[in-house]
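Lettered A, B, C and D in written order, each chain numbered from 1.
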Amino acid sequence: MHLRPTAALAALILAAGLAAPSAPATAAGDTILFGSPVSLTGNLTKEGHLTQEGYELWKTYVNAHGGIKVGGKTYKVDIKYYDDESKNDTSAQLAERLIDQDHVNFLLGPYGSGTSFTVALIAERKKIPMVEGNGAAEKIFNQGFKYTFGVLSPARRYLEGILEMTRAQKPAAQTVAITAASDAFSQEVAQGAAAWANGHGMKVVYNNKYPDTATDVSSIISALKQTNPDLILNAGHLQDALLVQKGLKEQNVLAKAYGYSVGPDTPDFASSLGKDANDVFGGAQWSDAVKYKGAPGFIASARAYGAAIEATYHHRADYHNAESTAACLAFQYAIERAGSLDPEKVRDALAKLDVTTFYGIIKFDSRGLNVYKPMVVNQIQNGRLTTVWPTFTADGKPKYPTPPWGQR
Amino acid sequence: MTRPSTVATLRRIGLGGITGSPVAFAVVLVLMALLLAVPFAHNGYVETTFRYILMYATMAYGWNMIGGYTGYVSFGQVAFFGIGAYCSAVLSTMKIDNLFADVALACVVAAAFAILIGLAVLQLKGHYFAIATLGVGLAVTDIVSNLDALGGTGGMNISQVDEAHFSVYYYAMWLVALGAILATYFIARSKLGYAFVAIRENEEAAAVLGINPRRYKIAAWAISATMAGAAGAVFAAANGHLEPSIAFSPDSNIFPIVMALLGGIGTVAGPFIGAVILAGVNELLQRYFVNVHTLFFGAVIVLVVLLLPRGLVWLFGLRGGARAWLKSLTVNKA
Amino acid sequence: MSAPAATEVALRIENIGMRFGGLWALSEVSFEVQRGSVVGLIGPNGSGKTTLMNVISGVYKPTTGEVTYAGKRIADVPTHEVCHLGIARTFQVVKPFASLTVRENVAVGAMYGRSGGKRSTRASFERAQELLEIVGLSRVADRPASDLTIPDRKRLEVAKALALDPDVLLLDEVMAGLNATEVDEALELLRDVNRRGVTLIVVEHLMKAIVSISTTIVVLAEGKKIAQGAPVAVLASPQVIEAYLGSRWVKRQEALKQIEAEREHAARVQPPDARP
Amino acid sequence: MQLLAQDLVNGILAGGILAVVALGFSLVWGIMNIINLAHGAFIMLGAYVTYQLFVSFHLDPFLSLPISFVLLFGLGYLIQRFLINWVARAPILTTFLLTFGLSLLIVNLALIVWTGDTRGVSTSYSGANFTALGVTVPWAKFFTLLVALAITGVMHLWLTRSKTGRAIRATSMDIGAAQLSGVRTPQIYAIVYALSAGLAGVAGTLISLSYALTPTMGEPFLIKAFVVCVLGGLGSVQGALVGGLAYGIVEAFATQIDLPIGTQHISGSGLQDAIALVVLLIVLVVRPTGIMGKATA
């Protein structure tokens, strides 16, 4: 009978875990509750925090300016977070918790394509709308989901801007080498870039992938160097972008331009590489140079948004911040237009949404993806991120071709 | 080989004892019966949480068969789990969406894979076996990630029942867990169980008594793979989507082991008790320490290893109070 | 099991050689064991007795030669099959399953030994109980094997071996460490086992015990067979005396004892391997 | 041909770092019979020590080598004395989980101290290179290789010549005999574990020159340490070096594999890990004592 205490203890701990008071404030009061599983630990911690900052900045602004008007009543907003540890299945589990346990009204996306996908499955099943700004893999939007909306341009377009830009320069880039991490998002980015290049008269001379856990890519770079490409593109993460950029210098690989899907837009890229980060191009969802005039209800310009992030979080606004805030804005405008907190009505309003914000246009295609907003291309010029493409929104000219190593 | 001195010390203070106590079994069965009521809470999150507990418990039973009873510490159980999961996904692409078919195929494929791999790696002992199994787990992950037929890193989708009938996945997992518990109970008391334990205690001596170590080690591993595979099949169906990072998550590898250890390895009740408690602790940490819960989880593991080296099931059989418990902690001091 | 005729050859050991690295632990050892007999295997420490036991029981594969049992070559038979042929053995260094009870230890033998296939778990435990009574361990049947004293561990070894229902039983120093009364008890037990038709091969240091039980004695020295025959005759042979009492032997013996003491100490302090 | 030569050099340069990564890991495994899953976390700490010294005092990474060694040595000593020593003789599962828990603790503490930001050490000479026989060699990696060789040499000499070194080797061969000859095992264990942590710190410093820093950066290196260790043989100093170089070279050449299978091209570089692990399994089954290991009972 000595097992009884064990069993009792087990039951007690579990009961305590599940029955602990769940967040009381739902729409029953005068607060709209959003929920988001974000990466507060694990290998996407950095991006998870940027996402959270984007959400929090919006929350603070909206609450300071009265709240959201829904059919004559004004609601404050609150956001409940859980740490998904950068793990896909944990993220889904937490989404279910936010919906069933914390009774959130709506979901804001987690960070990353993998987590966004698994959370989308839950949102779909529970019929709770989710707007996400950090999962660009198109597979999320090719499932026929009705409750998931993405405010960002799809993965395959991440490097298109850089390709387009190098084609418009003189001398135009003719050959391209692509290296990519093996995860789903990076593979989509690489496939998109290769498809664009092939469709626009460029030649893909090298295309290879490496595992997410790679600690050394020098052999890939050696093979790439042999093909002597005009343009070198990388689709990966910050860690491997740094590895590739260092490797390119170590082996003295010279190209007309170097472009990354992820990396240059994060301040860590320049701070880690110093001068070697200069003149590198990065595809970005947004930069604080873009010149959109946002609808009333939130900070209208990218510059002002950048200043707000700078003032609150003491770093330069990152596109992860902006796209996360944009996800909140999609909800804000859709809820106001729906005049209701009913998930169905808000979902329909999201589907019909067409609004311009500091971030750009937010409008979803039939799959729920915001294909209407162009990507921008940034270049690190003298340590400073400068938007160079597309020209109508640029605040600088691209430096092209890239000078040899040591002269940057 | 067991050090007689260690075991003797543990015996004197009441930490020993052969497995399969009917009381422990009864307690587990009562808890399992209570768990049948979970879907009536009509709370998807609670249901999912318990489905995960049942899943991890099943895997802990799987691990317990090879690591606890047979003494071969495997760090590759996630491979069987993932293979089982992909069986569901593959069947779903063939328009076969039947949980029984999923589980049956998963059991067969996981066991077949275990036998194939076991022929090689079960020749290894101790650390070498542990590392080889870790390697198997990682290699399978990598290979699946590179197979376009299985969706590569992008993964595959599995059609699901609608929200109203979603509890079917819970009950399926419950049945799989019950199967693992009953299998463990009956195996532990059977000739098979004694062969496993004999191999754990001393492989050479077991062979002299007519036990073919290789055959029984492979049997233990195949049984453990079956359990993991079955859990994986139901998991995948309930998840609706599968990709290598989900199917072969390090959590699925490490959680069951910690659970079995917390509860008590080589016991029938241990894995289940461990699964319930660890899940509860994790839940509390997630709730009250959002930013640092992984830190606390690490601390929990360190404390369990140092303070409950033989698991809770053994602790509650302890005679001699706190002093005996403290003494048991110094048994393995260098 | 009907008692076979005493003249039948149970076990034929032919030209056995066993090399470890550059050392021949055994060379050119040949003898026959009659069914129903008791063969005493003696020799100084390091003369190859235990090695020979390991060869016969299939633990080692001999470098040269053949062991034939009932007309079947057994050198290539894996360890776990040997007992199914009817050969069982005890270990000089006892190997109980520490976390199992005494009864369970014996029951495992009954389950997987020669007749194990026909026994249910329950029948195996019943058989174990019988054997424990025979060897005198029924009083500690439900204690963990790790609790046993050294003499009791030896008894357990015998019980485990008997549980395999052998025709030939190899006993490796099962009387070491027993006091006079216990030795007598043990001898009585072995005679009883032998009367039931089991052929015995006994390795033992206690000359008195060996002489009193054996029908034939085989003497090994430095890996070679130096004598074979009836107990009294063999012990009187000058070769055997030389082997046992030669000055080189005395020195060698002392050195070996030293090493053994250290080994035993080391084994107590830090056993070679750990299991989870 | 030139690519092959370049790959060989790439492999050797990467292998040098892996040798140092595996050296400490191998010592603890071989001598204490403990698989130290916190090794990756120690590597990470070594890298952060270097980073912090570089940022705060502009100390060159190569000059911070002794500092990260000493700091990690101290940490390792404390961890062994107060935690691991309690279960030093426990079954493998116990120490495996203990060090896993420690690793979680250390990584998450680092996450609090240094945040999840990616950091890098960018010296004036980073990326500088020379070309010989058509093969490009980066200076930093070249010196890293030299340091790796030097450390291996020093460790080998220390283990074979010094009194403590001999005591360590004696303990690994026959702990009972070592204790009989007056070796104090807990002391030896503490030194070995501390040394291993110190070497992990050195590895971290060397890695920080080519690899970016995050609190979770140690994980991929830990997996590689396993493979290198088994390849080379446990507890063997030369083994770690040979295993490291072998692993580096295999991985470098694997990158160039491109197998068309059906409609799909299997890229060797995508399968780097799988190839390494399959090699590991083969070595384990065929020659469990490793390339350099002695066949022991």
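Please note the rule applied: a contact is a pair of C-beta atoms (placed from the backbone, for glycine too) under 8 Å apart; a residue touches a chain by one contact, two chains touch by 3 or more.
Because the structure is a prediction, the values reported are computed rather than measured.
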item	value
Chain hops separating subunit C from subunit A, counting only touching neighbours	2
Of all other chains, the one whose Cα centre sits farthest from subunit C	A
Separation of mean Cα positions, subunit D and subunit A [Å, integer]	35
Rounded Å distance between subunit C and subunit D, as computed from the means of their C-alpha atoms	48
Distance between the centres, which are taken as Cα means, of subunit D and subunit B, whole angstrom	30
Where subunit D touches two or more other chains at once, by residue number	33, 89-94, 108, 111, 223, 267, 270-271, 273
Residues of subunit A whose C-beta touches two or more other chains	41-42, 182, 211
Contacts with two or more other chains, residues of subunit B listed in rising order	3, 67, 73, 126, 142, 145-146, 265, 294
Residues of subunit B touching subunit C in the complex	1-5, 7-8, 11, 16, 18, 67-68, 71, 73, 125-126, 189-191, 194-195, 197-198, 200-202, 204-213, 265
Residue ranges of subunit D touching subunit B (in the complex, touch as defined)	29, 33, 35, 83, 85-94, 96-98, 100-109, 111-112, 185-186, 189, 223, 226-227, 230, 263-264, 266-267, 270-271, 273-274, 277-278, 280-281, 284-285, 288
Residues of subunit D touching subunit A in the complex	2-3, 6-7, 10-11, 13-14, 108, 111, 115-122, 126-127, 129, 131, 136, 138, 140-141, 207, 210-212, 214-217, 219-221, 223-224, 248, 251-253, 255-256, 267, 269-273
Touching residues on subunit B, where the partner in the complex is subunit A	21, 23-24, 27, 30-31, 43-46, 48-49, 52, 142, 145-146, 152-155, 157, 160, 162-163, 166, 239-241, 243, 245-246, 249, 251, 269, 273, 276-277, 279-284, 286-288, 290-291, 293-294, 312-313, 315-317
Subunit B residues within the subunit D interface of the complex	3, 6, 67, 73, 120-121, 123-124, 126-128, 130-132, 134-136, 138-139, 142-143, 145-149, 254, 257-258, 261, 265, 292, 294-295, 297-302, 304-306, 309, 329-330, 332-334
